[in-house]
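One chain, chain A, links the two complexes that follow: it is found with chain B in the first and with chain C in the second.
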Partner chain A sequence: MITGARTTTRIAYAAAGALLLVVGAQLIGQFELAGKAWPPLTDVLAYVATPSGSSLIQRNLLVTLGAAGQGFVIGSAVALLGATAALLVPILRPGLDRFAAILNAVPTIALAPLLITTAGREGTPAVIAALSVGFVMFVATTSGFAATSAPQQDLLTVFGASRRRRLALLELPRSVPAFVDGLTLAAPAAILGATIGEWFGAPQGIGLLLVSAMQNYQMALLWAAALAATLASLVAYLLLVQMQRVAVRRFS
Partner chain B sequence: MPSTLSRPAPERAVAPGAPPRSAVSISGADKVFTLSRGRTLQALDAVDLQITEGEFVAIIGPSGCGKSTVLRLAAGLDTPTNGTVEIFGAAPRTLAAQHRLGVAFQEHALLPWASVRENIALPYRVAGRRVDDARVDELIELVGLGGFEKARPKQLSGGMRQRVSIARALVLSPDLLLLDEPFGALDAVTRRKMNAELARIWAEERITTILVTHDVDEALILADRVVVMSGRPGHVRTVVDVDFPRPRGPETTRSPEFHALVDRLTALLDAPEPM
Partner chain C sequence: MSRLRAVGAGALHLWPVALVLVLWDLWVVLNGYTATVAPRPWDVIADVVDGFGDYLPYTAYTLGMSLGGLVGGTIVGFVGAVLVWWSAALSGVVTPAALVIRSVPITAMIPIIARVVGYGDPAVLASTVLICFFPAFVFTLSALTAIPDSGRDLFRVLGAGRAQLLGRYGVLHALPSLMVSVRITAPTAVLSAMLAEFLMGANGLGALFSRARSYMDMERAWGTALVATVVSVVVFILARLLERRVADRVS
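And then the complex of A and B:
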């Protein structure tokens, strides 16, 4: 089987790449090639294995994931509403496109003081996550709506579809693969957004751990927190990629 | 394929004695498309077409002669640059808005996420009506797709997809049926089979129909009248009445009269027009 052999080769390459990365990180830490701030991977894992280390990471990761999840849901919902509004009321379209682009162009760091005074220190991570998610999802949903074909649109016209039914029967189902495609990018963006949001004085979370570990020179904790956030992003991404495969199979 | 259809002949079949009602009236229709940089393309030039209720009219002509544009005018998907289009005395959009129009295009445009049954039931949902399951079942049987109700379009052959598209066009018992090369993508054998099916369906429902095709045999098997169009700009060249007895089986299509008419129309399609 040629495809079977290709799949095996691909998996072998991926495994070799991952191994190289892990071994490289370990060796750089072991021989202090990047200074004392880069501990060997085994030290980081040893820290995570201690009861206090694991409970600290776990507690704070859950807080970050909670904020990321909130932002993910709110950002996706607002983006879906915005894209639908742009579709149903064409006059809103250019304005909403530009508003989304501008919002995305403003650096988070510039928004942070504003958010802390409005959303508060605890609310800011979810809001920044929602902002990161919102732009990606607005673009994904808008392009999903635009993916209907002219014959499909003509078909609904000759059967006398109202605008609402055209949306429900054609545009919404047609946009599902693009929407889920957007979610695969939005999930890591939400976790990153929540983590950054926690830098600005949140009482808990991976972002807070990163800041305090850095200031107190707790390198094992710093790396463990970063590793936890990265793994969470990766898992969310892989889960959504599976969901996207199902969506593509089901809707096209 | 099953040939039973429990549905009674529709009331709209013209009562004997009553004057036939005008179904489609296209008068002096020009269509000019604007291309880039101010250039224009005249697709239709003063097209006249009158169709009475219950009539089956085929439009034949070479590629690019504007026959599909005529159909799009009747469907309300395009408006004429000059001239008028009236369907049952109103604007074409009115018929569509009242869900009284059935259309099957060459591009079947089935919804890929919906099953055969859901695709055929789509016009009910577009119209906001409760789906009449019995009617959908009847049409699935009629087009010979029994057993494929749950299949999705990508699992079907080209011919089966076209049959779904025709069943979908018929499901609401439309007052006007527009068919644009619905069998264009099919092989010759399947095509003749589908012609026979469509003739049988039409004989039972007597829906006013316009069929656009470039297949002369197909037009003569199905239509009461054949409109021959010529291109650039598209205009009506000749209208021929077809009065072979129905149903038009092999004994009709093998007759010398049928062949003579095929030859005459084919010659009209090929030959340049006398100036």
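And then the complex of A and C:
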């Protein structure tokens, strides 16, 4: 019963924390403590409640989520292939590792000129999202593959399993928890990547909304867009955390 | 001799970078792009070498802002985590809020900071500090809450208070985690400094990039991208060295 009581306190604390955040943001806006650029939350919500505001946010959020989703899938798939290649062809391993680290260090904003000419203004957000996801997933998958122990490998080898069979029977299932762990980090990264891509003249999307609202001093719109992006990223994260719990229970 | 071989092997493992350069050049040449669409890698490198003096102040600015934000954010995050660890109630209240704020994409945070703090150096620095704050906070807090019971018991038996436990054990216990957070946030610090500079356009590589883009000076724009990548990789390598040093020293 002690754990039950603890959970209740924890939920009470969490609720208090959330409340504090909301009330704090509201009060700062109300009394203009941070100037005109910080509107009260109620103003932002009132803006979202208007038909034009909600349709604008909704339309652009869908575009961003689409790009982020595409990038998420492509990035994860490429990372999985890359990690498998590094596992099966050991000589590629150091080079791929280093390349992934460099690719991660590249500020994605620096890739924009290259991507605008290759992928076009519409395609850029998805590609940047895929790049951000790719590194996280590559690292997560390689560490997942490394989670197998030598005795397990030996056992399968003794029973005459080929390299490919060992991959299918041992390394792939064993890496699932680490892979899903990576996904929880990759989902917010995908949304961030998509919005960065949209800063460079994409025709639609939350990223574009953020920049244009900032430049035109539309504070309610700016905050509404920021809240929408935050909520999307938070929800994606929490969903994947749930999925990760299932994966850990099933595969480890 | 073995040192030379190690360096050689290290260089050899950079084959994907060489591959990218060659593919880039081939792509430009085969498509017949002119320099206004996509410059060849050698021209971009030449621009960086010739215009080294032009790049230098911007690069120094971005490097300073990234490092300042990285150090500042890490310290603030560490102190915040220690304060929160001190009180169970505070930690219960602050942790979910930190989760929410951590989910704010930097692209959403920077325009708001720019409007609230005003355009200029403080806004760039505030953006990087804020970005680096949360990982440091989360990593430190999780390390502090994971102080092994045996260590805690030992200190209690020896009559140490909470402050002693923290000062003599907790800080050391949390340092490696804090360094992990520094390594993880290092490239992000450069990215957020550049995003802020790009948006506000006053100084730094982000501003240089934005200006070169609007003048269609593609060699300069791509050169900025190249320099920014090098800066980011250097900051990352430094952070990794620091992490290894601390890990060797502490554990």
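As a working rule, the second predicted complex is superposed on the first by the 252 of 252 C-alpha atoms of A that agree within 3 Å, B and C clash if a C-alpha of one lies under 4 Å from a C-alpha of the other, contacts with A are read in each partner's own complex, and residues count from 1 in each chain.
By definition in this document, a residue touches a chain if its C-beta (ideal position, glycine included) is under 8 Å from a C-beta of that chain, and two chains touch if they have at least 3 such contacts.
These numbers were taken from a predicted model, which means no experiment stands behind them.
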Overlay on chain A: chain C relative to chain B, clash or fit: fit
Which of chain B and chain C A:L155 touches, first, second, both or neither: first
First (chain B), second (chain C), both or neither touched by A:N60: neither
Contacts of A:F251 with chain B and chain C, given as first, second, both or neither: first
Which superposed partner A:T124 touches (first chain B, second chain C, both, neither): neither
Superposition-derived comparison: chain B or chain C, residues of chain A touched: C
First, second, both or neither for A:W223, with chain B first and chain C second: second
Touched partner set for A:I102, first chain B, second chain C, both or neither: second
From chain A, separation angle of chain B and chain C (C-alpha centres, steps of 10 degrees): 100
Partner chain in contact with A:L169 - chain B first, chain C second, else both or neither: first
Touched partner set for A:L210, first chain B, second chain C, both or neither: second
Least C-alpha distance (whole Å) that remains between chain C and chain B when both complexes are overlaid: 17
Footprint of chain C on chain A - complex, ascending: 9-10, 12-14, 16-18, 20-21, 34-35, 37-38, 94-96, 98-99, 101-102, 104-114, 117, 188, 191-192, 195-196, 199, 206-207, 210-211, 213-214, 217, 219, 222-223, 225-226, 229-230, 233-234, 237
Chain A partner contacts - residues on chain C that touch it in the complex: 12-17, 33, 37-38, 89, 92-97, 99-101, 103-109, 111-112, 114-116, 186-187, 190-191, 194-195, 198-199, 206, 209, 213, 218, 221-222, 224-226, 228-229, 232-233, 235-236
Chain B-touching residues of chain A, taken from the complex the two chains share: 149, 151-152, 154-162, 165, 169-170, 173, 176, 250-252
For the chain B and chain A complex, residues of the former touching the latter: 75-77, 96-99, 101, 103, 105, 107, 109, 111-113, 122-123, 125-128, 178
